[in-house]
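Listed next: structures, encoded as structure tokens.
Shared chain: chain A. Partners: chain B in the first complex, chain C in the second.
The block that comes next holds the complex of A and B.
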């Protein structure tokens, strides 16, 4: 028998040092070391029709005490607003934490993940890589667990309803070469209600890998509105995993703008574990330049009368590739479940590639499941209508596309974030000639 | 529910005692391939072709992405069995025992009634072939593939293996190395064959492998409709049917290929069917899958010329222990091409129906359109269904629409019918018949009647 040496074994000492500097609980170090051993043997996750095994994704981070602080001023991405409920992280550091007193009093926690590991370790331990995403699902999840170097923890206690949106801004520090290993853990306790908005941007132009896992645990009866604008840079190669774990009668509404500039594989999943749980997933994406964005969106109905809907709209320009895999999976026992999905792609270039693969896996008969997909060009009738009213061709095209992407824009609760997504869309659409 | 009738037995499950004239025995090796080729007195190029394909077959792993094929015992299969000395032109001359089999299946009767020509394949060899004179006069060739290799060597060699190369997949490699029998059709330029040509395939013995090879060439402006049916006896040892069908539809020509697959539930049916459609040509697959243990079949059309059209209309029905893993592929390689896929599936009694599809718009496919519809009814809580379509687009000036639905029998429709005094059973059957009607109405009348009867049998006992 060939004895395989684990090439990640060399990181054991560095991880022990990192964990002790961060004053992590013992179990967290153990979780990291167990995961470290598993990386080598596990396979990369399958994203249908996207070949990415040669992408530089599994690159261990430096594990230094602190990354150098970001040289660029954060004002470019963060508009000062003392009223905002907000956490800002640059690279591995948390630079802003704003949480109003009245929310603290209710027991809301919105802080750096390492702080949470010290102050509320039991809350983190119960959920972190345990319920939504599992450590040994694949190479990327094990790699993430071993090497997570920064993150955010949001906790909303039982019956607490928060009207202000929680806002997280993550600025990847690509002024240095270092992998971006980010974890976001959102815990919505029973019957809590709130909205959360996150944004990912890149400062600097070094080539880096990013590995981001976002877990949302929605306890019975909770309602979470989750929105995100992803704008990682052209030199960043990203593995993105967002996963909702929904218990009885819980709801998560997702609205995600996948607007990165570099290569991305993404896995956006909702596990409808509880009876009557409900997830509405909406994503828009634009691929430009020569980038590849492969997005797997999966809704798995375990619970009776659970409802999972997926809506994905994408636009492709230049020589770019955009792949939408929508997967509706109803498991045995999901009686009365409903899985519906819609994937639409607009092709704006003959050199581009678009894939819309709506997949239904149905193991139960008393269900309703359906999907629709379409790929095509900008609707000539709509163009004709607008142009006949004196609007220029370019402007008409822009209007039609904005309408096409509008489903997600309107679902974002913060006005500034909405505007930012619109601006990002305009920017991505306007440099369509390479 | 009271008095639910028992599901009717598979009516073609009988076995006839027919002595083979020759068999290679179980298992496969290079000598057997040389033996088959030698007995068929084939030219050297065909033997070389077979051996090269065999080489590839050995190297290629079993596909693991679809139905479970790991239980096939390739060493227990008989790869070649001959039951008659030659293909007869007169029904009277077919050996008595074989004739009995086909008479029980209604083949000669079918021919007398409405066909331009018909043929029958028993195990590895075609035993009967007839073409009505009026069509023969038009220059239409309808014969078995072995005869075609001898009598039409040029047109044969020009097209054979050009649509499905031996390296296409493991089962295609196997077929290319041991193929025997199958249909060869050539329709000359501008000739329209008004009534269908029919071929009937029968496996009679246990552990038999049937590897027929069909090649259809429809020359410019010509048209043809070909219908095939398949049955086998019910045995404990599984049989394997691994066919290749290649079709070349030339400029402005038309071809429709209708299959009613009703193998017994111990047959692995692993078939590669593909057509090339040139400019302005139309290729239509009408594909019904009712029988077999496992079917993996994804008929394809490569739309290679401007304005070519491809359609796929299919139904699949899976009962206890059955897995119908079927679908379609439409590859748009030229401008202004169009394709349509309509797939209707029913799963019941623990059966599994899966749809897998691939629609590709190449770089040069400007102005092309595709429409895809997959509907599935899952009759009970033991059955399941996956719908896995891939749509890949490399051109901006195209349009693709895809829709799919999976559900149980509509309660509203049931309620409506039952409130008018129909029993649940009758109502269910009516709904299913309505569900598959887009398919049945495209069949020749006799086949539609037969199919409705089969579905009606299958549905019996499914309510309760």
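The block that comes next holds the complex of A and C.
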């Protein structure tokens, strides 16, 4: 007989109730309960050079009743645009779903994850925590699977090319005390092509945990442009996991602005499973105040002639910490694979702490791989040059940094989101207080 | 009329004295040339006037209409009217040439008087056409991946856009072919006039065939050793620095 010492066991009944209230399929409940059992024994994921085992990340969400609706008007974060292909979620609720008729007719699905679990359960079941991220990878993935309380499902069918960007806006409800357990599942069918932009913000000032997993399954020949502007609040402690699973000749271009105010552990991975698959990953980040952001970016080349490139640029102010780990792993069999990475950090204060660690693991001979990493200050020659044209020190610094972070800005397909990232960068740089 | 006076300027780098008392006066509506052998301190003079942080002024002053610019920060010197076109300009990724030049122009204007996008583009188009620069150069990142010649043109483009009172052009001719040299000279000549003065640093007389100087200074071993008219450059071309230094009775080793 099994002896249960699992402290999470007490949530079994609550999860059953939650799942039945959401009318989830039986397999989903089973997945949750299996994961629940595993949490206790699994370890936290290792993020090199970042110690976060004492962070309040493993905090179960409220399951008993629906979370109260957000009191704050969403207009602050969402500019009304009837043309936009858009989903807006406040807390656990989906409050806007805009998908034009012509896309619906083509079979595109862009909806709340619980809706998808009812309307297209087999599509969700095939991919959800199965192909990209696995339930029992670590404590955070199991915890997520057990306690996911909100999410989004995007499905683009075979050969469908969508020119309008899909836009998802997630507003964490921290008017209440409740963990933010968000799942985004993006399924790009064979030879589909589209771009997707997501943004995370926080409303309210309660201290909360966030656990966000984003899975992008790119089927053969599909092309996905994925961009994000993360701006979770100072009181939010976040575990972020974005993972691409790329099949033959699939491409994902990632452009991520990691602009949160609170402590963040992020794991951004691309599994280049198929031959000829290609991931271009670009991330920019700013750490301010006393916040810690630790970002692990990994590309694993399984497929022959697969290409994985990583570019990470970060800026640190005040007493903040920013760590970039770039991991390029070419497995045996990945003949002709290419793994390149560049991680650079600019420190704008004496008390800033920055780390850029390139890690290359290569198990195949016939490959190309390379890395560049640096942690330093704004180049005084660049400053001198700009100032010699009459530009003030502050403005010169702003220009150099804007340029340094520009790689992600230009990759964002929605003008308003691009501007939002620029504004966020300016805001973070200008509250250079301490 | 404006006046730029360099008085008894001594400059060291890493404890080594490079400029040993330079004196020089120039006015707007004048073009001066400084010639001299390599390693004699011409670039040091230019950098010290502009305020490069590596150079330490140990003695002397640089007065712009009576104000000692050595007491001003680099950006203040620029806004006071100084401009330096350098041999090896910095590359700045992610900042477009146009964005940079607009920031430079606006740095000289009040908050409620910024140049409009339209006016800016018009001016930029006009100046770029003087320099035979393709339009796409405006949207490229500042000096990033520019060839040597493109960088030089871009320095002169900034000169035309910013319209300073005094410009120092440090070896703007080096590495340019004749066509490029003519284009760059055309740019500088377009600035000639009442409100503008230039100090052209060059190793060779060649550039001065296109931009005729009013005054020529010869610099050797950290000092201005002779000043004359345009004919001095021609003489130098014939006699070489060696001949001149012997004539002046200077004990200087010159590698040419």
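Everything that follows uses one rule, which is that the second predicted complex is superposed on the first by the 430 of 434 C-alpha atoms of A that agree within 3 Å, B and C clash if a C-alpha of one lies under 4 Å from a C-alpha of the other, contacts with A are read in each partner's own complex, and residues count from 1 in each chain.
Quick note on the criterion: a contact is a pair of C-beta atoms (placed from the backbone, for glycine too) under 8 Å apart; a residue touches a chain by one contact, two chains touch by 3 or more.
Predicted model, so just to flag it, every value in this text is computed and none were measured.
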In the superposition, chain B vs chain C on chain A residues touched: B
Chain B versus chain C as contact partner of A:384, first or second or both or neither: second
Touched partner set for A:347, first chain B, second chain C, both or neither: first
Contacts of A:373 with chain B and chain C, given as first, second, both or neither: first
Contacts of A:27 with chain B and chain C, given as first, second, both or neither: neither
First, second, both or neither for A:407, with chain B first and chain C second: second
Which of chain B and chain C A:392 touches, first, second, both or neither: second
On chain A, the residue positions that both chain B and chain C contact, one per complex: none
Parts of chain C lying in touch with chain A, wherever the complex brings them together: 50-53, 73-75, 77-79, 83-84, 86, 89-90, 92-95, 99-100, 103-104, 107-108, 141-142, 158, 162
For the chain A and chain B complex, residues of the former touching the latter: 48-49, 332, 335, 345, 347-377
Chain A contact footprint on chain B (complex, rising order): 361, 363, 366, 376, 378-381, 383-408
Sites on chain A touched by chain C in the complex: 379-382, 384-393, 395-396, 399-400, 402-407
